[in-house]
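Just below is one structure, and these are the notes that go with it.
For reference, chains read A, B, C and D in written order, and residue numbers begin at 1 within each chain.
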Amino acid sequence: MESDIPLDWFLLFAAAAFAIGLIGVLTRKNAIAVLMAIEIMLNAANVNLVAFWRYGPLRPEAGPIPGLVLAVMVLTVAAAEVAVGIGLILLCYRRFKAADVDQYDTLSG
Amino acid sequence: MLRNLFLVISTLGLACALATVLSRNLVRAGLWLVAFFFCVACLFVLLEAEFLAALQVLVYIGAVSILLMFGIMLTRGVQGTDPTSNPSARLAPGLVAGGVLFLLLSYGISRERGLRTQRSWATTGERPAIEPGTEGPSTPRRDAINNMGKALGVELMSRYVIAFELAGLLLTAALVGAIAVAHREEAFEPSSKGAPASSPAAESASVA
Amino acid sequence: MNVFEGAACAFLWAQSQAVELDFWTKARWALWLLVGFFGIFPGIVAYMVWLERKVAARFQDRIGPNRVGPFGLLQPIADAIKLITKEDLVPGGADGAVHLAAPVLVITSAFLVMAVIPFAVGLAPVNLPSGLVYLIAASSLSPLGIFLAGWSSRNKYSLIGAMRAVAQLVSYEVPQVLATIPVVLWAGSFSLVSIFDRQVNQGWFVASPPGLLGFVILFIASIAEVNRAPFDLPEAESELIAGYHTEYSGMRFGLFFLAEYLSVFAVSCLATAIFLGGGMPIPFLAFPVNLLGESAWSYVIVDAMLLAVFLVKVLAIVFVVLWVRATLPRMRVDRLMNFSWKYLVPLALVNVLVAAVWYELVIRPGAFDAGRWMMGTAVTGPIVAAACWGVFAINRAHGARAPVSEQWPSVGRIGPGVGGRGVSRRGL
Amino acid sequence: MIISNYIFIGLLLLVAMTFGLAPIALAHVVAPRKRSRVKEVAYECGVLTHGETWVRFRIQYYIYALLFVVFDIEVVFLFPWAASYADLGIFALVEMTIFLAILLVGLIYAWAKGVLRWV
């Protein structure tokens, strides 16, 4: 095509989204908000995987779509992570009556 | 035209991500997150991974966001506000950390070269062609892009079969673990004396 | 080739997955968007509402709408005018933006689903290579809209109704999706156009034991997906007022209403396209495409017939949906969830594997014929029947052993387990 | 290009949102507007709203959403398998049977644990 999107645009988008996710993880107290921020970071990683698959050369031993398979696996792991994460948050909420990560301080001396 | 489309979508996506992170209301944060997922799906379409874009919408918007919303409803007041969150104290260091990370990553992106092609990422302006009629080494890629679901199935069943079965195992482990963790309502019921139990609306809780 | 034939050919052969952005494509898209999605589909849906009121009235020995126009045919227009001129109320504590976004999201989901339905040869708005996944992804947006509607209203009944609705929708989405997998397996493609083409060669997909089971599961789950009776728990007016749209009035309520009927139409179209052979009138007979030789007129006539047959099938399914509503009472909420997870999901999972067996027996050897079909039916039919029987037997045994509560009667035989003595809460 | 199809989807998205917003905008112009406090009160069977809108939801909602997420991911794997089954043969059937059996263990666990009941 005459005006393709450059590779580094996707990479910069992913880097920015990852940094925003990091901001969320560092600044939010609520555990569910932290989970949301982690989802943003995982999505940024997925964008990178697909972009490199599309722009990079293929290695015959890795098949035609290695980036996509990895992206699907990230999808799976992200969903499982949210499922278990919210289960843990519910447990902690019942025990500590709070969903703030700061209040889970039983282990702190 | 494609470049403009990309710029619009990515700007919207980053704005949504920022709104997710900064929004005090958790349900609204979840809504911004949904918008961000949708923007990422649009980027997948621009990368010609339309099957993955459909999966992105199906899994993230259709399932994960619902789970997040349910999680909010089960742990917060229904309006989802986050009164204890006091972002101002941590916002500055968080923003600095995020900004530094972004600068580091963009510096790396501007300097790094492809492993095999030795081409700089920053100058990789065009993707390997898949237009019909193009011969050469990109043929398997063309087949994969034109029939992505099928290619993904073949790969999962042959080359990545271990990963596929492990994914099944992971899902079952997640299911069993989450149920084992979450399903202990009776054990903690007597000690629950927060606002909800004593409020008159507790009657409607039995309706729920 | 004159202009008409050029247009007809461009229109009819716009089937391939890769489209060029030429003039004909743009014209076709504009036609679809402005005439189809803005005019015809809402019109069809408006008259489905009229049909529902007429049919429900007949079932209840009434006449139904008969004042506005002949046979009440102008009733939908009167309803629309009424809804638009109603005051647009937003409750005081509501989250205004989300309250507005929720019905728009629901109706957007209903619209997007229609984009890949092949109504006849060449009459699919677009032919996506992953059309079925796209369709399911688009339809999975509506639970989110319903949740937001209930949440933003700041009304406890709305919220409870929304949570129930979402729990029900996600539970029934699983069997609905699983039921479509045999179709993908047999067609080897997600494109609904390819699925239709495959049915032209091999007969309707419903005409096989796993296909029949898949169709039944899809039909039941789809009724639940569009919140129709007997699965209309979310708006159980005796407990929850109007459920998630209690605080919606005027045109905002009208959008939910329209989206519900649009979804009924869309799932009927989906079931017709992937199981009932689309516009094919007879199960195993390929329709003669070039009835009048290789001319554009021939294609137009054949396409019109295919479209007519397609719409008749859709109408039949819609009628059954209305019939079910007029006949069956609302399900109890615990049975509703049980029915999805303990009956439909296991059956649909087994059905996926049986569908693969059917593929090995009937489709892979090639040269589809009656003998092969009978052989496949003889093998897979008993498996399907045994699976259905087994799922019901397990559920009856389990339900009799561990009833939900001592007051609530359980399914199955009245036995010593039901009386309340020695009832194990844990079960199984 | 295949991606051209998605331009149609994008346009359809705009049309659908217009279709949703236009009647509301029209109603905004046409419909009467008489605000009053009573109209803005949440509707609870005709009496004034009672207590906070704070309903404590039961853990069951989470359990069903969790099951849904797990089975949705399963669908993500089942769809490519089904589309490519013609190229694969019996071995793929065996693999998928193992996969489904592993997941069925989770469902049976949930069933046996008694969490698949609404009350």
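One rule holds in what follows: contacts are C-beta pairs under 8 Å (C-beta built on N, C-alpha and C of every residue); 3 or more make two chains touch, one makes a residue touch a chain.
These figures come from a predicted structure and were not determined experimentally.
For the interfaces A-B and A-D, the C-beta contact count is higher for A-B.
A simple rule picks the central chain: find each chain's mean C-alpha point, then take the one closest to the mean of all protein C-alpha atoms, which gives D.
If you average the Cα atoms of subunit A and of subunit B, the two centres end up 6 Å apart. Distance from the subunit A centre to the subunit D centre is 21 Å, each centre being the mean of its Cα atoms. One finds 33 Å separating the Cα centroids of subunit A and subunit C. Between the CA-based centres of subunit B and subunit D the separation comes to 16 Å, rounded to the whole angstrom.
In subunit B, the positions touching at least two other chains are 46, 48, 50-51, 55, 58-59, 62-64, 66-67, 70-71, 73-74, 78-79, 146-152, 156, 167, 171, 174-175, 178-179, 182, 185, 201, 204, 208.
Along subunit A, residues 72, 75-76, 79-80, 82-83, 86-87, 90 each make contact with two or more other chains. Multi-chain contact residues of subunit D (touching two or more other chains): 2, 6, 53-55, 57, 59, 61-62, 65-70, 72-73, 75-76, 79, 82-85, 107, 113.
The list of touching chain pairs reads A-B, A-D, B-C, B-D, C-D. The residues of subunit B lying in touch with subunit C in their complex are 27-28, 31, 34, 50-51, 54-55, 57-58, 61-63, 65-66, 69-70, 73, 78-80, 132, 146-150, 201, 204, 207-208.
Note for the complex: subunit A touches subunit D at residues 72, 75-76, 79-80, 82-83, 86-87, 90. Within the complex, the subunit D residues that touch subunit C are 1-2, 4-9, 11-13, 15-17, 19-21, 23-24, 26-28, 30-34, 37, 39-45, 49, 53-55, 57, 60-61, 64-65, 67-68, 71-72, 75, 78-79, 82-86, 90, 93, 96-97, 100, 104, 107, 111-114, 116-119. Residues 1, 3-13, 15-24, 26-30, 32-33, 35-37, 39-40, 43, 46-47, 50-51, 53-59, 62-65, 68-69, 71-73, 75-84, 86-91, 93-95, 97-100 of subunit A are the ones touching subunit B in the complex. Touching subunit D in their complex are the following residues of subunit C: 17-21, 25, 29, 32-33, 37-38, 42, 83-93, 100, 103-104, 107-108, 110-112, 115, 125-129, 132-134, 136, 153-160, 163, 166-167, 170-171, 173-174, 177-178, 181-182, 184-185, 188-190, 241, 246-247, 250-252, 254-255, 333-334, 336-338, 341-342, 345-346, 349, 352-353, 356-357, 359-360, 364, 398, 402, 404-405, 408, 425-428.
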